[in-house]
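So, here come the structures, one by one.
Note that subunit A is present in both complexes that follow, paired respectively with subunit B and with subunit C.
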Partner chain A sequence: MKGLLSLEQITKAYPGVLANDAVDFDVKPGEIHALLGENGAGKSTLMKVLSGQTKPDAGRIVWKDQETAIASPQASKALGIGMVHQHFAVFDGMSVGENVALGLGRDFDASQRDSIRETSEKYGLPLNPDALVFTLSAGEKQRIEIVRALLGEPQLLILDEPTSVLTPREAEALFATLRLLRDEGRGLVFISHKLNEVRALCNRATILRGGKVVATCVPAEKSAEEIAEMMIGTRPVPTRKAAKRIGALALSVDGLTNDEVSIPSLQVSAGEIVGVAGVAGNGQEALYALLSGETLAAEASSISLHGQTIGRRGPGERRVMGAAFVPEERLGHAAVPDFSLIDNTLLTNIQTEGFQRRGLLDWTRTREHSEEICAGYDVRHAGVTGRASSLSGGNLQKFIVGRELIKSPSVLVVNQPTWGVDMGSATNIRDRLKALAEAGSAVLVISQDLDELFELADRLCVLNHGVLSPTRPTADWTAETLGVAMAGDADRSAAATLVEERAT
Partner chain B sequence: MIRLVPRSHFGVWSTVFPLLIALGLTVVVGFVVLLAMSEQPLSDIWTLLTYPWQARTASVQWGFVLQKTSYLAVIAVGLSIGFRANVWNIGAEGQFAFGSIAAFAGYLLCGMPDTVWFLPVMLAFGVAGGVLWALIPAALRVIANTNELLTSLMLVYVAANVLNYVTTGPWKGDPKAGQAESDPIHQSLQIVSIIERTDLHWGVVISGGAIVALALVVLFTIFGYSLRVAQNTPRAQRFAGFSPNMTIWLSFIISGAMAGLAGAIYLSAETGKLIQSENYLNGLGFTAIVIAFLGRLHPFGIVAAAFLISYVNVGATYVQSASGVDDAVADLVQVTALFAVLGTAFLSRYRVVFGAQAILGERTA
Partner chain C sequence: MSLLIIQILAASMLLATPLLLAAIGELVVEKSGVINLGVEGMMLIGGLAGFIALYQLQTSICTLELDGVCFASDNSVNQLQYIGALLIAALVGAATAAVFGFLTQHFRANHIAAGLGLTVLGAGLSNSLGGNFFGVDYTAAIVAKVPALFPASWTAVPVLGPLVFGQNLLVPFSFVMLVAVWFFLSHTRAGLVVRAVGENHHSAYALGYPVILVRMLTIMFGGAMAGLAGAFIVIAQIAPKWTEGITVGKGWLALALILFATWRPGRVLLGAYIFGIVLALEPRLKAIFSNMSLELSYFLTALPYIVPVVVLVLISRNPVMIRRNAPASLGQAFEPRS
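For the complex of A and B:
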């Protein structure tokens, strides 16, 4: 048997876009094959073909040297293809065991409990079958998905951005598991944006761009920059830290506490970027909401903007004072999905001068402004009257960030500036944020992307279990020390496993 | 094989097409019902659908259709604002009643002026009364977090009893009348017909103006914008700096104002006096809820739905009296229309693809 799976000349068209254009892709037993590409490059479509969710227009699927068709997700499973999704399909109110059994279409009983324990121990995925899912960390929820996939005895396992929600330490543990699976002779497909992970883990990489295969390489032999260049086509601008002049204190937090977060102290001055690192679900949303005024602080004095206390003032008043905010969620928070770009332009400009005349909205002015944002921030769109939900993630994010940056805010708070955004747009947005700080604004970036934080921030702090650490200059941090500071979850679950093992 | 394919574009056709299907379904069900209830179903349904044209008193019938349309539409448009923002005021009937009571109270308070120039003031009193009554469930919701569905509905019965109290107590008029009623307002304050001897009166024009004014407010003011943002995107609402409680207050104020205006017009144009609730309130405030959803909470849709229901109602009323069919027919038709419209609503978001096309559709979709 030469190969495990081979896709030949797979072509799939959607209206207006050729998602896969004669794509060749193969996986051998005992290898981890990375599938790389920007958002929209065709990775998801190719994986949908493999998991039986869609049928290709043309091309052959060869499984263990035999041509086959994958008509449905069930057929895909029956062949021996397992899938670990980026967004976990687990029920919070049920136990681990019940979730696993549900995915396999069986009842949860004693034999299930044993097989879950056996599998999870064998592959270094500690899981307690009786734990309730809502008590688990993201890493543990992912283990449920992997164990569930493994119980189906797959020969090919597909992992879609598996490390996007993990701490560095949890990611290392996952890699150990994946290497074990590889050494058993299974084939693995690893989809990721994180090039350093791919270089450390994968035997081969196939790079997609615009629906076509542009290269296949051994990632360890290439630098991350070279791979990135293949993915986006042009060489990304090397990061350069300009000498900055730090100005007056702009945003200051002192003893801010509510049910979800506790921020003993945080200062951001004009001209600098402060980064807040942390794994998703550690209070980023609550921190953002307190700073934007969407949640009011208990004490007015706990937040100051340009020396004035603003803890009890709402987002509108804070905007009037020169602040601007970019929330994480694009649709339904930063933008109204069913609104046109014109309507959405007004969302953060209600208090801005020139958008109202004698109490009436000036739609002409708003329309012009939305066109200025789109032109100035490279938003590719089919007209400003189009709905926000019709834009791609990257373009909508450029619009949402541009809507704030065009105001040259003296303070900007941005939560996950490039989350789920294609690499070209992400680079664009980061460059704009740097330019804003260089022009003298105070910028606070909350992000899960460590590379992004190292690139942008002058100082860094960590949000862990809702508690914000003191900031230190970025140069004083390494990926490892930052990872350890973020890793509260991993430590806790490891400890829990130990206690549980002793009890049984 | 039948498949549903999401529509990528929304046009006029994707809105109109499901409504046509709904209309067809309503006619079919209405026919089946008449088949069971009437001895001459064919001629009855023909009469029901064409009566306003063929009646000898066509202008009267059309006047009646338009008059009823205006009440239903003006109340329903007000309600739709709140419904879109998930604020459920289902007590428009009570706000309508209180609008009438307040208009009459204003008339008495100002010393029963006998001039047409007082009419706007009287209507303003009506609007204020509707708002006042609507503010009660709004305040309960904001302060005590009570469910506004329950409170607004219960206040309908309170308002009806207030109406009964004033017509039997302090404002009791002619004791020889067959019902509890107040003295009539001056003739000069009774809205007159545009076309003589029909129900097409200036109140219809005033209602139309109110609907247009509300539409302009929603489109061109910050306050209207805030209501549109509030619709199903509460986080964006807070992000923009609008308070969710403000949405509740404003939704109730608008719907109360529109129902109150309708109540004041009704007092001036239809009865000229307050009458005990059973003979005064005829469910316009409740029917308007149905109309709001039939019109998909869109002003144009609501006016169209109000017109259709009023039109069918006129025919149904005639058929009822002419051929002795039970008067439940009109209600049945109305309910069928509601089910049909809601049941076909998904067609505006999805295309249905049949047979071989379904497989082809999957290729190209």
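For the complex of A and C:
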């Protein structure tokens, strides 16, 4: 048997875009093959062909030396292809165990409960089979996907950006699992934006750009910069941090506490970026909700915006006062998936000058405004009347961030600004955040991405088990001290992994 | 006093059973993510079909015949004939639902519009077919009363007699179906798949489950149960008698019960029986307090429709349980993402 899977000359067109243009891609047994490319490069389409969710317009699929057609997701599963979806195929209203059982086509019973516990422990993906999914974090939801795929014993496992929500330690444990699976003779397709991960893990890499294969290489033999250049065509140059002019205190938190988080003190002044580091599930959502006004503080005085106490004011009032907010979840929180980009723009920017005339909406003006956002923030789209859910993750994130930045907010609170976003878009978004601070706005960035925080933030603090540490200048933090603070004293090993991460 | 309680309970069973049957069926439909507002229409069509079937199946001995035309007859019905009529009612109910299923699942019609259309169709079609369409005016047709399940001597037994032995076959059947549906949804793989399809049809499709097939099956099950509910009202609740619009909004009440019971079978049962008991109380209270004011009497008439909703809303406020039980894809047309 030469190959496990071979895709030959796969072509798939959607209205207005050629998503896959004569793509060749193959996986051998016992290898991890990376599929790289920016969002919109055609990776997702190619994987949908493999998982039976879409049929190619042209091209051959060869599975174990036999030409085959993958007509449906069932057919894909029957062949032995397992899938870990980027947009989790999980059922929020059900328990973890029920979700796993559904993925395997089995009953959820006591033995199932044991096998979930076993597998999740073996692979370092802790999961409680009886937990309800809607109570879990994004990272925990992803673990369901991974555990479910592993329990299905697939011969080919496709992982679509599996590490985007994992902590470094979880990612390391996952890589150990993936190497084990590879050594068992399975084929793996690994889709990621994190080039260092790809270089460390993958045997081969195929790079897509604009729906075409631009290169196939051994990633370990290339530098991350060389691979990035193949992906986006030009070498990304990180912008240098300009000297900051720190202005007046803009956002101030004093003794803010609820059931989930405790923030003794936090100050963000005009012109600076303050970063909040922390591993997912340590209270980031609760902190964001308190700052944005989605959850009201118990005391009005515990949050101040430009010297006014706002703890008891809702998100709308805070926005009117010049603040803007970008939540973590793109679809369903920041944007309504089935609304057009215009409607989504209106949701946060309804107060913008000229949108309402005598109480009625001016659709021409709102349309122009949405187009300005897309043009100004490099949102690649098929028209502003298209649904938000039709945009790729990176483009939607640029749209959501652009929608807030176009108002030049005096205070911006952003949670996970580049979560699951391709490198080009992430660089773009970070540059915009830096520009906003340089223009004199106060910016608070909550992120799990340490590289991002070290690049952006002037001052850093850490959220651990819901408690926010004091803020210190970024230069005073080392990766080690930050890692220890993030992991807490109880978990030195996580800190050690983080330190290794930074060292390599 | 205890005799009054038993009378009320026995009467409430007659009143609650059609509601329970229709609601159990629609509960499964909604758990799969489909909202079929045509319950009322399916009940009418199924009820008429059951009535016509029983009219044709009943044993009829002519007692007065002149020139080959029968002027008076002695009709009787046995349990087997009754079961046959119920099967017809269920089948016709399922077939009616299949029309809705075909429109919403294959042509992706809006669930609300298709369901309302089915209600209107059911009312109109049952009116004309039950009129004189088949050469028989069914509003004037005479069908014998369905006998009790057990011998008459058994029904004389105190308590158990009126509550158990004297009841119609569909009363115990409604309890069996309630338990079966609860078990199916919470303890079987197929039930898990139904819930998954209702919770997130895109995820279910991505995992390889046949979303449209599952929904077609649940829709037809819901139709069969609505057909039985209609047949119970027409044939068994009082005496067999077809009248236009005989269901008088019970289908809508069943839909409301599911919503207020937050899709939990046990609470649907509770709601249906609160309705039945309050409705059974009404004439008795009016008889006792014969000098009550007109306003109070109207209020008493409205009470059966108010009490179950208030009780269910009050006991089902837990947002976690609602999130756990409410089908998140309810009413959305499923189109595989390309």
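Convention: the second predicted complex is superposed on the first by the 309 of 504 C-alpha atoms of A that agree within 3 Å, B and C clash if a C-alpha of one lies under 4 Å from a C-alpha of the other, contacts with A are read in each partner's own complex, and residues count from 1 in each chain.
Here is the rule we use: a contact is a pair of C-beta atoms (placed from the backbone, for glycine too) under 8 Å apart; a residue touches a chain by one contact, two chains touch by 3 or more.
Quick caveat, the model's predicted, so the values are computed rather than measured.
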item: Touched partner set for A:Val213, first subunit B, second subunit C, both or neither; value: neither
item: Partner chain in contact with A:Ala89 - subunit B first, subunit C second, else both or neither; value: second
item: Which superposed partner A:Leu181 touches (first subunit B, second subunit C, both, neither); value: neither
item: Subunit B versus subunit C as contact partner of A:Pro73, first or second or both or neither; value: second
item: Subunit B versus subunit C as contact partner of A:Tyr14, first or second or both or neither; value: both
item: Intersection of the subunit A residues that touch subunit B with those that touch subunit C; value: 14
item: Subunit C contact footprint on subunit A (complex, rising order); value: 14, 51-54, 72-74, 76-77, 83, 85, 88-94, 98, 101-103, 105-108, 132, 134
item: Parts of subunit C lying in touch with subunit A, wherever the complex brings them together; value: 188-189, 192-193, 195-196, 199-200, 202-210, 320, 323-328, 336-338
item: Residue ranges of subunit A touching subunit B (in the complex, touch as defined); value: 13-15, 55, 57, 292-294, 314-317, 319, 325, 327, 329, 332-337, 339, 343, 346-348, 350-351, 356, 359-361, 363
item: Complex contacts: residues of subunit B adjacent to subunit A; value: 8, 220-222, 225, 228-229, 233, 235-236, 238-241, 243, 362-365
